[in-house]
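Chain lettering (A, B, C and D) follows the sequence in which the chains are written, and residue indices restart at 1 in each chain.
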Amino acid sequence: MITEKSLKEIFKINTYRWKTTITLIEKNHIRTRGYPLEELIGNISFSDIIFLLLMGELPPKDQSKMLDAILVSFCDHGLTPPSTQVARLTTSTGTPLNASIAAGLLAFGENHAGAIEKAMKLFQETINLCKSPEEIPILAEKLVEEHLKNGKKIPGYGHRYHHRDPRATRIIKVAEKLKCTGLHTQLAKEIEKTLHKTKKIHLNIDGANAAILSDLGFHWNTGTGIFMIGRLPGLIAHINEEKLEKPFRKTLKLEEIQYMENQKNRIKSS
Amino acid sequence: MITEKSLKEIFKINTYRWKTTITLIEKNHIRTRGYPLEELIGNISFSDIIFLLLMGELPPKDQSKMLDAILVSFCDHGLTPPSTQVARLTTSTGTPLNASIAAGLLAFGENHAGAIEKAMKLFQETINLCKSPEEIPILAEKLVEEHLKNGKKIPGYGHRYHHRDPRATRIIKVAEKLKCTGLHTQLAKEIEKTLHKTKKIHLNIDGANAAILSDLGFHWNTGTGIFMIGRLPGLIAHINEEKLEKPFRKTLKLEEIQYMENQKNRIKSS
Amino acid sequence: MITEKSLKEIFKINTYRWKTTITLIEKNHIRTRGYPLEELIGNISFSDIIFLLLMGELPPKDQSKMLDAILVSFCDHGLTPPSTQVARLTTSTGTPLNASIAAGLLAFGENHAGAIEKAMKLFQETINLCKSPEEIPILAEKLVEEHLKNGKKIPGYGHRYHHRDPRATRIIKVAEKLKCTGLHTQLAKEIEKTLHKTKKIHLNIDGANAAILSDLGFHWNTGTGIFMIGRLPGLIAHINEEKLEKPFRKTLKLEEIQYMENQKNRIKSS
Amino acid sequence: MITEKSLKEIFKINTYRWKTTITLIEKNHIRTRGYPLEELIGNISFSDIIFLLLMGELPPKDQSKMLDAILVSFCDHGLTPPSTQVARLTTSTGTPLNASIAAGLLAFGENHAGAIEKAMKLFQETINLCKSPEEIPILAEKLVEEHLKNGKKIPGYGHRYHHRDPRATRIIKVAEKLKCTGLHTQLAKEIEKTLHKTKKIHLNIDGANAAILSDLGFHWNTGTGIFMIGRLPGLIAHINEEKLEKPFRKTLKLEEIQYMENQKNRIKSS
C-alpha cells in the first residue's frame, strides 16, 4: 500500500537539500563534530572549540594554549588599521553592531590581512618540497634571493609601524616553550636571518603566526579566518568606544580635500 | 492510478516555497510586473523601471522625468560623507568592488542617510491629518513650534556644509515646472518659511526630495532605497578613483591618535 | 624663536583627531588596556582578552572559565539559522572569506540574534528596581503576567527547534558550579517556573546566557557582540565546508516559486 | 610676521589629505565633473549622470538611450539568483534596508556576476589585437576552438535557466537601431555563430551587454559596477516584498539536512 512514508521514500532525493558535517540538530539534541554540545559546554575552552570546528578534532592541551596565545596576539592594533577606522566611521553614522562589524571585516582586503595566508602558503609549499631539515637554510636563502631579484616582498616580514614587532618575538618564545614549533617555524626563522642581513627586516606577527599555525597542522587557507576570530573582540571594543563619541564623525574638513578639475577618471587597465 | 502528476499534487504544499509578484521566470521568458522584459528593454528609461519595480506600475512621462531629476540630485557629495570615505578606505585594502560598495552602503546609518525617510514620514503623517490646504500654514507652524520646544531638529532642514543647499532650490523649481508638487511640497515650504524666521535654516535636498517623492505617491519607507539608488554610481566612481591611489591608505598618523590610559570602556546605557 | 615644536604646539588642536582607551601603538611597543601586549601573549586565554577588551579589566579565573562556557555554547546551530544559510549561499557565488562572513553577520537581525540583548535589558532593568532578593518571585510573576496580557513574548524563552534547549540546562549548571550566578539568574529561573506553568515554555540558551552575563557584570548592550564572537568560528567552519560543494548553490527550482501576477507591491506602513 | 595664514601655508603639505576629480564641495556650491550640479538636475537623465560619473563626460543622446536599455535589461531575474535569496533571507531577520542590500551585493561573487567583466575583457583584448574587421570571424573561431580544447567555458554564453536568453536577442536589436554596435558586438555575434554550431549555446545578456558596453567605450573593469547599478532597484523591490512576509524565513526543515558524522572538514588545497 502506498503510505505517506513510502511516498517520502520515493521523494527522498529531494529531501536532502543541504548536508553538513559540523553540527547535527535534532529536537532537544545538538551534536557538534560528533560531541553532544552539552558535554563540551563547561569542559573545554573557547580555543578548544575553535580548533574543533576548524580542524574536526579537539586539540592536545599545549596546542590549545598555543592557539590561545595566537588569538591574543591578534587582538587589536589600536586605531591604525583601515578595518578599525572603517568600523568606527560606520558606527558613527548610527548603524547597528552587526553592520559596523561587517563593514570592518570587509576592509580586510588582501593588502591589509592578506599576509598571513600568503606566508602560510609559502611556508607550506616550501616545506612540502623539503626532503630533510638540513635543506631548510638553503631553501630559505634561495627563497629570499628569488623574491629580492623579482622585487617582491616576502609576506610576513617587516611592519608599517614597528621595526621589530614585539608580538612576533614573544609568540615564537611561547611556541618554543609549548613545543609547538617544527619545520615551518624553522624555515620562518631562517628566512628572517637571511632577510635581516640584506634588508634589516624582521619577522612580523603575521609571519610568526603563519609559521606556528602551519606547524599546528592548519591548512594555509584557514589563516585569515583565525586572524578574524582573534581581531573581532578588538573591533567590537572600538565600536563600543565610538558609540560614546559625537555621532557622524567628520574625518575630513573641506580644506583637506583637493579637487582636481581637469582630470578625467577613465579607468586604466590594471 | 498514481501518476507523477498526482504525486506532485499531493506534495504541492511543499512545492511553493517562495512567492513573488516582481518577476516571472520561465524557460526563455521573463516577465517583470506583468510586462515581457524584452518589450521594456529599449522602450523605457532606467527611471521608468525603477518606478515600475518600486511602485508596481509605469509612471506618466513627467513623473519619470521628476524621478530622473531626484536621482541626479543624489548622485554625489564629494569626499565629505562617511559612506564615501568608508568605501574608499575599504577599497584601499584591496577588496573587490562589491565588498567596497557593501561597506559604503553599511555606513548609511540613521545619522547619515536617515533624514529623508524621517522627513517623508513627518510630511505624510501631517498631510494625512490635514483636512484642507488652508490648514497647511497652521500645521507647519505648530510642527516647528513643537520641535523647537522639545529641542528636536526637523529632518530635512539645515546642512553640515551648506547654508543654502543649491540642490534643494533647484529641485523644487524642477518639480513645479513638471507639475509634480502637491500638498507635501506645500507643507515643506511652509515649514521652511517658519523655520527660517526663527533659526535661519533652509530646506535641504533630503527635505525637498522627501516632499516631492511624497507628492509622487511614494510611501515614506522607500525613501532610503531611492537615495541609495541615486548614490550608487557616485560611490562606484569613488571606488574606481581610489584604485588609482597607493594601496592601504594611511588615514591617521600615530601622532594624530590620543591614547587615554586610565579610562575604562564600560559601556553606559544609551 | 619659532621652532617646529612650538608650531606643533599651536596646531595641537588639529593633531589629536582620534582618541582611544583600548590600545596604545608606539614604535616597537603595543599596550592594550594598559598591559604590554607581549606580557599578555602566552599568559592569558582568549576568553581573558575578550573580557579585558569588553570590560576594561582581566577577569577572575572562574569568570574567565564561565565566559569560555558561554562562548562554547554559542558556537554553532547547524544549517538552521538564516545567518548560516546566507554565509553559505554567498560563499557558493565565489566570494572571499571576509565577504561571506560579513554577509552572514548582516543576517543577525533583531528577529534572529536579538533575544539575548532584549533579555539582558529586561533582567537588568527588573533587578535594578528590586529592593531585596525576596521580591524576585513576585517581580517574575508580574513580568510574565504583563507580557501575556499584552500578547508579548518574553525574550530568552522557547525555541524554534527544541522543546527544552539542552544548552540552557547545562550552562546554568556550569554557572552554579563556578559560582557565577546572582540575582539575574535567580530572576531568569523564576520567570521560567511561572512561564512553564502556563505555557509549557522553557528558558533557552539566549535567556540563560543573558542572565549569567548580567551576573558577570556585562552591560546589556554587549550581548550581541559576545554572541557574534561565539558564533564566528562556526560560521567560518560552514564557509569552509561550502567551498567543497559545487559552486552557485541552486536553492530554489523554478517550480518552487509562485508568481502572483495581479498583486501590486505597494509597501504598507509598518 | 607670522600670521595664521602663513602658518597654514607652512603646514599645507599636511592639509591636502585626500584628492578627487569627481565632485567639488564648497559652501553653497557643488560641482560634479566640472558641471554645477544645479544645472544638471532637471536637464539630464539618470543614465546621463551614470555615464558622466563613470566615464568623465556626458554621453551623446543615443548612447544615453543605450545605457538606459542596458540598465533595464539587468533589472531583475526573479527569485532565482543567490544574491536575491541572500537579500531576502537577511531581510527576514529584521535588518535595516542598507544591511539587506549589502548582504545581497556581497553575493555577487565571481560565479554569479563575474561573466560580464570576463566577457568584456575577452572581447576587448581580442579586438585590441585585431588588425582589420575581416579578421573577426577567424579570431572568433580560434577563440572558441581554444576554449573548447581546454574545456573552458566562454563567458557570456549559455544560461542556467534559458536556452535562448530573451534579453540578449532584444538588446542587440536595440543596439543596432541606436547605432551603438561596433567591432566588439561583431565579435560577440561571430563567437555565437561558431559556438552554436558545436554546442547549441547562445549569447546571454551578460555577453550581449559586455559587447555593447565595450563598443560604447567602457573599460572592462566597469562591467560589474554597471550590472550592480542596474540590479539594485530589483533587489530593493525584493527586500520590500520580503518585509510583507512572516519574519525569520525558515528555508530548511530539519529533514532537509543530512548530517554526516564521520567526515572531517579538513580543507583541501584549492
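One rule holds in what follows: a residue touches a chain if its C-beta (ideal position, glycine included) is under 8 Å from a C-beta of that chain, and two chains touch if they have at least 3 such contacts.
What you see is a predicted model, and the numbers here were worked out from it, not measured in a lab.
When you average the Cα atoms of each chain and compare centres, the chain farthest from chain C turns out to be D.
Looking for a copy of the B-D interface in B-C, A-C or A-D, one arrives at A-C, which has over half of the same contact pairs by residue number. The centroid of the Cα atoms in chain B and the matching centroid in chain C are 30 Å apart.
Between chain C and chain D, the centres computed from C-alpha atoms are 36 Å apart. Counting only residues that touch two or more partner chains, chain A has 17-18, 20-25, 27, 54, 78-80, 95, 98-99, 102-103, 106, 108-109, 113, 161, 221-222, 237, 240-241, 251-252, 254, 257, 259, 265, 267-268, 270.
Against chain A, the residues of chain B that register as touching in their complex are 2, 7, 10-11, 78-80, 82-83, 85-86, 89-95, 99-100, 102-103, 106-114, 160-161, 237, 240-241, 243-244, 247-252, 254, 257, 259, 265, 267-268, 270.
Within the complex formed with chain C, the residues of chain B that make contact are 15-27, 31, 34, 54-57, 95-96, 98-99, 102, 219-222, 252, 254-270. Chain C makes touch with chain A in their complex at residues 17-18, 20-25, 27-30, 32, 36-38, 40-42, 44-50, 53-54, 65, 67-69, 71-73, 75-80, 88, 97-99, 101-103, 105-106, 108-109, 113, 161-167, 169-171, 173-174, 177, 221-222, 224-225, 228-230, 232-234, 236-241, 251.
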